[in-house]
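Next, two complexes with chain A in common: one pairs it with chain B, the other with chain C.
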Partner chain A sequence: MEYNITNYCNIKDNKIFHNGQEIYRNKGELPFLDFIKGAYKELEIAYPKFYKMDSLSKLSLIASSVLLDNYKEELDEKMAIVLSNRSGCIDIDRIHQTNIDEDGIAGARPANFVYTLPNISLGEISIKYQLRSENSFFIFDSFNPNFLIAYSKSLINLKKCNSLLVGWVEVNEEAYNGFLFMIEPKPGMELTEKKLLELI
Partner chain B sequence: MEELKKELKEKLIEALNLEDLTPDDISDDEALFGEGLGLDSIDALELIIILDKDYGIKLTDSKDGKKIFETVETMATFIKENRTK
Partner chain C sequence: MENGNLHIYTAGGACVTSLGMNLEENIANIKAGKSGIHKHEDKNLSAEAFYGAIINKEKLEKAFNLTVYKGIFTTLEKMFLIALKDVLNDYQAYVNEDCGIIFSMTKGNIDDLSSDSPNYLHDLAQKVSRTIGMKNEAIVLSNACVSGIMAVSVAKRLIHTGLYKHCLVVGGDIFSRFVFSGFQSFQAVSNEPCKPYDKDRDGITLGEAAAAIFVSKDKSVFGTKTVYEIVGEGSINDANHISGPSRTGEGLFQSVKSAIDEAGIEAKEIDCISSHGTATMYNDEMEAQAFNRIDLQDIPVFSLKACYGHTLGAAGLLEAVVSLRFADENLIPPSFNYKEHGLTLPLNINTEVQKKDINYVLKTASGFGGSNTAVIFKKV
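Let's turn to the complex of A and B:
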């Protein structure tokens, strides 16, 4: 069976889209954290741990929730997750650094420190959906569809997974862009560089 | 004691990012971990830091934390009896 893009979510410019349809928009322009909190409430995601997360995990969690909360079939617990971005978890790194600069080592707060790796966002998605699967987080200068396609196909060929949640989750202060898509052995959009560049 | 409990609730909300809660939403005898407020092990570290930085209490045995951090009431009682600032 051919693998295709079956489902996708975009989060950018104070709006959220599911398969190209707008499902949430702010009135006016809000700072990222207010925007994403508004979306969490409006979309009734109901996962209180959201409030404790760093901005990258919040973006990743909301994008994955749009795709997976309404998934009609039973979720594949072996669904692999492959995420990427440019800035890692720079926002929480800055907060962590500021706390240390101000108060020395005593300023290092566990609630911030635990998020000082971008792949924590993978863990948050895995915990929410009880996924026990392959996952990876890559850093690129810009969205790299060829790599994501090749890596996803290699996981499939190695029989590491039978479906994937893949994408780009970038947050750096007020610049953010979330684009997650699912790859499954089902009818859908062709998994090509051109298609992914169209969708992001 | 009532003032200390209110102060503790405000500190919990701020330190643990429980931003949708107000002090009135947290009962004095509500379990902080498990099914109550749903705090986890990382939150426990934050509570240890609050005790140290704000009340001058250093917990030397992590086993003590289980009883001390049971509820806001147990925390406040412990702080009242042991605070150095």
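Let's turn to the complex of A and C:
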């Protein structure tokens, strides 16, 4: 069976889309954190750990919830997760840095520090959906569909997984763009660079 | 399976650490029983004296001045460039459009963040990459403490899928106030040099390093060096907790199993394990659980953290480079600072340099976010 893009989610411009359909729109121009909290409530994600997460994990968790909470079949617990972005977890890095600049080591807080690694967002998705699976976080200058396709295919060819949750989860203060898609051995959209550039 | 019969190899490698500016200096120091961990007083890093494995910056400058690279570089960029220069001495001819470059790091030039520099990891990688004349875009893997060894898996995967014929893999992180303060807030830093697997272990010691290695599908590029095939690998998440390892070692167990299954070997064929061994209570116990579940408890295991501290994004790669260099001579490196067994299950901790025919080396790592990686190298 060919591997195809079967589902996708976009979070951008104060809106959330599931397979191209708008499912949430923010009223007014709220800051990112208010926007994503509004989405969490209205989409009834019901996962209180959300509140303690940094902005990157919040964006990643909401995007994955849109796809996986609405998934009709049993989840593939070996579904690999491959995320990427430009800014890593720079929002929480700035918070931790400000804390230690102001108060020295005493200013460092475990609840912040733990999020100062971008792959924590992978961990949060893995925990919520109990996916004990391959997981990787890459940093690029901009969305790199060519790489994501090659890497996803390598995981499939090496039999490391049979489906994947892949995407771009960028958040840097008020500049954000979340795009997650599923790759499965099912009918769907062709997995090409052109298609991904169209969908993001 | 596409490319099913493809074999992917590595050999040699380079490093810049608290124990030396090149791999041979590092190996000699470890054989002499030396550790890079020392007591430091540096008010820029901590108000109080602390143990750390920190690179001597005068030696770093000297080593950097011996390279051909000119320009303004940060400490981390210099570390990357020195390690890369050593690798390029042997493989410069293959650094072309068929060659990729994978960077493993967690925090990059994080000590510049306070001065409002943006600190984008990809910008740093691209700068280093262009300096050495790479054509292809740099790939940055940032998967916490497993990044270094996982970058070797990523290189293997990308070569397997046909994106490249060869890959440079380089990993590095600096000793920063940012990370040191964070681990202190977790009360995870030992007041002494760390003691992996020991009864009295009480936390990590941080370090800084860079390491580099060349990975290729063409065995002949390695010349007369001792060559290792990357025969199996896996990186499975615990799906348990973002800042603590699974108590059952589930993710590490599955990662090692994935690597062993791909290699098509029995667990008992592994000759030594270069483990993660951070010397926190939870990590070391978790590794004991995972290794026992897969019946590896009698295989000699060593943690290089008592030599180098925890070097974060460099750790897995540095430890693999050093372990393979020992394996070249059929030796197993020592795990320092282990006196009394401090785990609820048995492990065969290797405390002295030991002679043994080495065919299979297992390298593992685990980290925040529930990440785990295992890679098996086979001497060919």
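Note that in this section the second predicted complex is superposed on the first by the 200 of 200 C-alpha atoms of A that agree within 3 Å, B and C clash if a C-alpha of one lies under 4 Å from a C-alpha of the other, contacts with A are read in each partner's own complex, and residues count from 1 in each chain.
Basically, contacts are C-beta pairs under 8 Å (C-beta built on N, C-alpha and C of every residue); 3 or more make two chains touch, one makes a residue touch a chain.
Here the structure is a predicted model, which is why all the values come from computation and not from measurement.
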Looking at chain A, does chain B or chain C touch a larger number of its residues?
C
Thinking of the overlay built on chain A, is A:Gln97 touched by chain B (first), by chain C (second), by both, or by neither?
second
Is A:Pro48 contacted by the first partner chain B, the second partner chain C, both or neither?
first
Once the structures are superposed on A, label A:Lys160 by its partner contacts, choosing first (chain B), second (chain C), both or neither.
second
Residue overlap on chain A between the chain B interface and the chain C interface 109-110, 114
In the complex, chain C residues that touch chain A
1-3, 46-47, 106-107, 110, 113-114, 118-123, 125-126, 137, 139-144, 150, 154, 157-158, 160-163, 177-178, 180-186, 234-243, 250-251, 254, 258, 262, 367-371
Could you please specify the touching residues of chain B with respect to chain A in the complex?
15-20, 38, 42-43, 45-46, 49, 52-53
In the complex of these two chains, what residues of chain A are touching chain C?
81, 86-88, 90, 93-94, 96-97, 100-101, 104-105, 107-110, 113-124, 126-127, 129-141, 144, 147, 150-151, 153-155, 157-160
Contact residues on chain A for chain B in the complex?
48-49, 51-52, 106, 109-111, 114
